[in-house]
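Taking it in order: structure first as structure tokens, then the write-up.
Read from first to last, the chains carry the letters A, B, C, D, E, F, G and H; within each, the first residue is number 1.
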Amino acid sequence: MDQEQLRALLEQVRGGSVAIDKAIESLRHMPFEDLGFAKLDHHRTLRHGMPEVIFGQNKAPEHILGIAEKLLERNPNLLATRVSQEAADLVRSQILDAEYFPLARVVRVWRDRKVLGKGKIAVVCAGTADLPVAEECRLTLEVMGNEVDAIADVGVAGIHRLLANLERLRQCRVVIAVAGMEGTLPTAIGGLVSAPVIGVPTSVGYGSHFHGLAPLLSMLNSCASNVTVVNIDNGFGAGYSASLINRL
Amino acid sequence: MDQEQLRALLEQVRGGSVAIDKAIESLRHMPFEDLGFAKLDHHRTLRHGMPEVIFGQNKAPEHILGIAEKLLERNPNLLATRVSQEAADLVRSQILDAEYFPLARVVRVWRDRKVLGKGKIAVVCAGTADLPVAEECRLTLEVMGNEVDAIADVGVAGIHRLLANLERLRQCRVVIAVAGMEGTLPTAIGGLVSAPVIGVPTSVGYGSHFHGLAPLLSMLNSCASNVTVVNIDNGFGAGYSASLINRL
Amino acid sequence: MDQEQLRALLEQVRGGSVAIDKAIESLRHMPFEDLGFAKLDHHRTLRHGMPEVIFGQNKAPEHILGIAEKLLERNPNLLATRVSQEAADLVRSQILDAEYFPLARVVRVWRDRKVLGKGKIAVVCAGTADLPVAEECRLTLEVMGNEVDAIADVGVAGIHRLLANLERLRQCRVVIAVAGMEGTLPTAIGGLVSAPVIGVPTSVGYGSHFHGLAPLLSMLNSCASNVTVVNIDNGFGAGYSASLINRL
Amino acid sequence: MDQEQLRALLEQVRGGSVAIDKAIESLRHMPFEDLGFAKLDHHRTLRHGMPEVIFGQNKAPEHILGIAEKLLERNPNLLATRVSQEAADLVRSQILDAEYFPLARVVRVWRDRKVLGKGKIAVVCAGTADLPVAEECRLTLEVMGNEVDAIADVGVAGIHRLLANLERLRQCRVVIAVAGMEGTLPTAIGGLVSAPVIGVPTSVGYGSHFHGLAPLLSMLNSCASNVTVVNIDNGFGAGYSASLINRL
Amino acid sequence: MDQEQLRALLEQVRGGSVAIDKAIESLRHMPFEDLGFAKLDHHRTLRHGMPEVIFGQNKAPEHILGIAEKLLERNPNLLATRVSQEAADLVRSQILDAEYFPLARVVRVWRDRKVLGKGKIAVVCAGTADLPVAEECRLTLEVMGNEVDAIADVGVAGIHRLLANLERLRQCRVVIAVAGMEGTLPTAIGGLVSAPVIGVPTSVGYGSHFHGLAPLLSMLNSCASNVTVVNIDNGFGAGYSASLINRL
Amino acid sequence: MDQEQLRALLEQVRGGSVAIDKAIESLRHMPFEDLGFAKLDHHRTLRHGMPEVIFGQNKAPEHILGIAEKLLERNPNLLATRVSQEAADLVRSQILDAEYFPLARVVRVWRDRKVLGKGKIAVVCAGTADLPVAEECRLTLEVMGNEVDAIADVGVAGIHRLLANLERLRQCRVVIAVAGMEGTLPTAIGGLVSAPVIGVPTSVGYGSHFHGLAPLLSMLNSCASNVTVVNIDNGFGAGYSASLINRL
Amino acid sequence: MDQEQLRALLEQVRGGSVAIDKAIESLRHMPFEDLGFAKLDHHRTLRHGMPEVIFGQNKAPEHILGIAEKLLERNPNLLATRVSQEAADLVRSQILDAEYFPLARVVRVWRDRKVLGKGKIAVVCAGTADLPVAEECRLTLEVMGNEVDAIADVGVAGIHRLLANLERLRQCRVVIAVAGMEGTLPTAIGGLVSAPVIGVPTSVGYGSHFHGLAPLLSMLNSCASNVTVVNIDNGFGAGYSASLINRL
Amino acid sequence: MDQEQLRALLEQVRGGSVAIDKAIESLRHMPFEDLGFAKLDHHRTLRHGMPEVIFGQNKAPEHILGIAEKLLERNPNLLATRVSQEAADLVRSQILDAEYFPLARVVRVWRDRKVLGKGKIAVVCAGTADLPVAEECRLTLEVMGNEVDAIADVGVAGIHRLLANLERLRQCRVVIAVAGMEGTLPTAIGGLVSAPVIGVPTSVGYGSHFHGLAPLLSMLNSCASNVTVVNIDNGFGAGYSASLINRL
């Protein structure tokens, strides 16, 4: 039952052609989401500042293109993660202002570049091997309207490089720390700044790294109290949560 | 080298009794943290709004009391987590305005009740078994200067109770979702609000729950993009991070 | 907004004192669950045939008693699982027809003994060590209105005992197989009957049993296609699901 | 010893040419399955409504074709799961009415379309990535004689879409909930319906998902009591068990 | 149907009072295990040389006593493992020749001391902490009729002690190697003898030992080809299998 | 120091040109393995009945051929496991009587076909997918001089097929049970025979099978006492140990 | 065969009463370790600077005392780890100069206080909860003849405290870093010093710490190349290895 | 602020153009690492004897070449690990004295061959499959200025081969033991030598080996006290730590 149906019902009530008890019963059996609840979806863009993102993994190129075209009808911006080169080529052949970032495997359409966040967000990573995840994070932050300060090659085993960037870190409202190997970066940063820190473990490592388990556990057990964690390699999720925080 | 030493050195430079090359050398060998770096520690309270918290587990009652007394010399507020009844009794015998919350196993001294957060923070939990963790979280939030809206008994298997609290949830700047069992609460809430959500898995469950592993993995894999996670049973950490966010 | 409020609103619509657009707006902002959605909860008993069960673990005896008394106000039957002897004694001192089953650690009030299931349900277990879980399962089934055929000491290493009970098993509409150790019972039964089989791994074992992980994995990988699985030691859950199936 | 041999023996007993003691001894040493026990196998189709299914993984195309042809001699219907395109092409070149469903990787021969189940079975899944498993499930249900109501794109993070399908779910006798990521769908549905719910975790996810472990544990620990679980990606097993339930 | 019933049926066949078709039908519906199949159980002692063993864990003292008395009616020897001192005291108060071995937590009644094995079996362990498991193994071997050569304190880190016992090891038909810590003993022995070696990992260790997982994996991955493995701490199982081998 | 050196030393002792104290000192510093200890290696063939086997995985084809040719100089028989088709082709081009078994991925040279085992060994497997491992086992047994009774397609979910082969199983001195999925076959067989049973878990399965972990744990926790276990997919190891047992 | 036997044999060779061939044969069959190999054991003290240490866990107090008394007969120093207060009391009642360190649970007899190491060894730990393990390490180092520089309360989240101790760390030949929680200390130190660093993960933590697994994995995956690792809580092992290095 | 800036500031202090208080403030806000702290990096070569190593995995060939050229500007030697053939070809086309070791997948430039270590380091491995890791280790040791004694094919199952190399092992200052399978080599060696032993588990194995977990756990639980461990397959890390020890 959409609003037209509801309006019709209420007009019948007013006109007396439907008894109040019967109207109550009808309302009770209406699919409730049509009584305004569907605004959840319609206002999703308004609430979070961007539409549903496309998770490209395991999706056919044509499928990705189809969703992208449909989403762009009602939103100026688009983000698709984990997109293969092949799928990106297809999307870009039809959506001419779509960009592809092969390192991050992200397709982005960025038509509305309004800044929505109140301050800067730092994206720090330790090694070049963590760059794909850090890059996915940066692209997410930008398309959601944030200024980003990306700092690479800042590991704990060379802690002076971290300390050298301390002032930049302290000027950010949120810090995202991306780290594979033993995953100590969020802990080290957490002890140096008073901003909330979001740790992103990456699957970069080998042996007892177990595809990211080592830095994940390390971050969850951080002795710095201002660290929260997202899934392994989830640069997008870290960027998304940080964006919400930056709008507060 | 503290500031007095630094001042003395500079005065010797000015007076000419120390050559510039020698002064550079002296500066190079000074423990650098004394050149102002120690402000990290001194301004910690200012930065985060409260001093080092006492993690009471595996600490002797006398030890906890000693640290507590020392910390209270320079801070009005104190939080000690995972404190046994025995240790709490000792602390309260000496620090008269200390409160003990046996469910959360927290000792709190709350002398400065200034509100520092800009909005409310929701602490939601699913079952009565999650209450100890939710309570630790609430006490942390309060002593760090936040208004808290605590909502209990809101599980996903009875989703109407969650929906009935939707308006309250939407009025909060941050939502903390505490859940054991299968840990779905953060995901369900994450889809309903536009605030950042911090998930706290609890060790409540049995069998393949593996002491909190099940809800931890569930939360890390949340299909809601606005969820970050802290360690199992880490109500304090969730409260700490949420406090930082709420001051932004 | 409850039904009285809804009725009042509709009468105002009929009387013309509220415009239809305004009524729509009011409906839109009403907590939707009050528009009949709350029936989810009210009719819960009717739907599943029994009220919320009390999970007694980590609950204080007084707490369990309180919930039990409240639930018995609107339901004739009650089941509380994982109840200590101490809590059971308290409950039985106040609720005189409550029974305690120490092996299964279950408290049961069974006032309405109407049979609701259409056939028998078998509860089979391999060793005496599995009896507590099998017993929790049997008590759940009974209080939910099922005839139960309990068969103990039927292991795969002595397969003739299983085969000797084949006819009894084949006369049941659902078979629940409770097994620790290597957990093969559901698979063996699954190949012999055409009924749905629910496997319950138990935490009985040692070493590489890992508190039930071994039979859990064994059951999930069963080469018998008619086996589904519940959590380790979850005799209640198996009984609950089997009850629903037996009413079909 | 088949029945002919048994008959011959009994006739010798009747005729006196074999002494009773000797007949007992002969019976004792007969392969017992020939004394009627083999009916287990012969009546398998009758009991479960379909023959042995072919699990195509790791089987050569020629092997799959050979089994398929043999099984079709005595059964009108056939299901082969995890079949490669190459194997499917071979099968379809020889069995002309065989269909191949590449998404589900299933080959199906569906000659006898009699409805055997008493009601409808819902197959619900959260994301497009879960569709292969949901599809395997649907195809199994159909070929075993069930009416299926397939509902896609119903996740917990967008819970209104789940609620919008509530009436459809409530009209089904069994609900199968297929979910990757954090695997909350069975729990959310379990709280809304009174039917038995079978959860199928899928291997869709990344990082700490551990190829399906996250949703598997989530479902096993469900706070909804009417959920049982099958192995990761085991759409066939869920469909098989649901079919048996639907015939009750 | 026991043999008397079968005999009666055959006599009716001979006498003509039961038609052959009807006799076949009767045979088909007889519980087959009564047609001699039950010999599996009756002859169990004969086959394996000893009756069902009592696994004492989680069993009440009275329960253990009851089973023990019943088993001793038909068998001269008895073994009960994982028996508490309390239960052992009860058993010994009633069964006067029962011995209790507190280190191994075994109760043994050893009335028939006939040697059944063809040669000696070595039981080797590395440290004093492994002695309880080695002792359980030795007691099992003895009561099953084997000569045992027990060799303690033979670890790989002091390999000369192992080599010093080489001749003793080479004179045994089977070697059982019990080891906690890193579990290398079976591998080292396996390379020195040509007998089959059974490895028994023990739960002795700490940290990343994970209650026996480390030596279990070590033994399963042994580079010595003549090593098979039993469950962690399963001294009984190793002794049982070795006994069967020693009778060949 | 080889025997010639030892002989020379002793002759010097006899001749008086070396003092006894000096001879003792010389002996003390001789590499001890040269004093006959090296017989360990030389007599390896004699002890175990065959030389070192080639584990072909991760070895280059030329490398495999080289080892094979060298081993064949002193042994009539050869076994190489986990050999690729490419490596096998190379080996067979040079060693003309070498056979390749592509299912088992084994190369075998079987020139000396003397039977060394005292009885038959059964190799039982449940599904066609377990055949490669069962085949590796069978080939190992044969080349080590055993009569093999290979029984396929005998699963626990169709237990009558297992029972139908009972007599064959009971005529074997050792039974090797190869099983993937839930791995119950060794347990079921263990309860039916009095021979030692060696379980071989296979990596055949999916989802929570975890590449063989499920059947491995199942077998280690077997409630049948006569089961020992080897590593996942280790058909060779099972065959090797069984061969040693069969020669006893 | 001890040296007396060897001397006798050689004298018979010289005297001609034993032929050389026979002497070779005798030597071949002598337990080789008696030909000087046993020096491994006798010279153990000399090699490592201290005798076998007593691992007190799971040993009875009398047992510990007995071993201690025996070891002290030939060594001036003794270390016993994981000793209960009760056992320590017994030991100290008999060995008057034995000390007990209840925090570390170590008994030490330190009669020979000669310094054997060439430089200082640092033992660094992060929190007071790690002190028991750090203390076990320090006591081991001292009794093995090392100068120790113990530095506590130096965590990564307060990195200035670590940096403030940099000069002390750089003056040590080996650094042992003891850490629970997320275990980052060895990595941070490894980047600051050029000495070898030995990481000791501790079991201090909760939730996803998994009793030390988190810091263990963190240390194994350290991005600092000069870090090696010992078992969780193995302060003794770290001290032992560091002692050997410090004597180089 | 570099030294020039610091000199300028001090000259202003001396000249009186900057007040002392202001100078203190300036110093306080200077990036501290510029006050000499940066020597950490500049002197890295001097401290450890070689520059940052290139971890080639997941790096593009051009990227590796670029880093290599830059590093060679200030260092004579270079090591790049986990380098593909393709990347190696590119590097060698530009850096003419670069060598590629395909087994170890290492590129090395070794211009300065000065010996820095004080003694020899042994690199021992058990099987040919462990050679790639042992080779990575050897190449690291050499380029860091050590004499290496590489010993292959020395496994525990053929322990005489290990004993035969005892004297060589005992002449080394550090022993590195590389082992896959069950990983016992470090333990066996640790009991035979008084040098520190570094264990390197390799991922060579199958089934329950879990890609190196089995030998990793085995080594961490070694009953030899002089063993420390590095990550699975981390030949470089073992070589690096051993080099530091060898310079002591």
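Just so we're on the same page, contacts are C-beta pairs under 8 Å (C-beta built on N, C-alpha and C of every residue); 3 or more make two chains touch, one makes a residue touch a chain.
Computed from a predicted model, the values in this text were never measured in an experiment.
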item	value
Number of steps on the shortest touching-chain route linking subunit D and subunit F	1
Touching subunit A and also subunit F, the following chains	C, D, G, H
Taking each chain's C-alpha mean as its centre, the one farthest from subunit G	D
Far-end chain from subunit H, centres as C-alpha averages	C
Interface residue identity across copies subunit D, subunit E - same or different by half	same
Whole-Å gap separating subunit C and subunit D, where each centre is the average of the chain's CA atoms	25
Centre-to-centre distance between subunit H and subunit D (centres being mean Cα positions), rounded to whole Å	54
Mean-CA-position distance for subunit F and subunit C (Å)	50
Centre-to-centre distance between subunit H and subunit F (centres being mean Cα positions), rounded to whole Å	38
Two or more partner chains touched - positions in subunit H	32, 37, 40, 127, 158, 163, 192, 207-209, 213, 216, 220-221, 231-232
Pairs of chains, among all present, that meet the touch criterion	A-B, A-C, A-D, A-G, A-H, B-C, B-D, B-G, B-H, C-D, C-E, C-F, D-E, D-F, E-F, E-G, E-H, F-G, F-H, G-H
List of subunit F residues in touch with subunit H within their complex	31-34, 37-38, 40-41, 55, 57-59, 63, 201, 203, 211-213, 216, 231-234
Of subunit A, residues touching subunit C in the complex	3, 6-7, 10-11, 13-14, 16, 20, 23-24, 27-29, 32, 35-37, 39
Sites on subunit H touched by subunit F in the complex	127-129, 158, 160-161, 163-164, 166-167, 204, 206-209
Subunit H to subunit E touching residues, read off their complex	126-127, 155-159, 163, 181-184, 187-188, 190-192, 205, 207-210, 213-215, 217-224
Contacting residues of subunit D [partner subunit C, same complex]	40, 47-48, 53, 118-119, 173, 192, 194-196, 198, 216, 220-221, 225-232, 236-238, 240-241, 244-246, 248
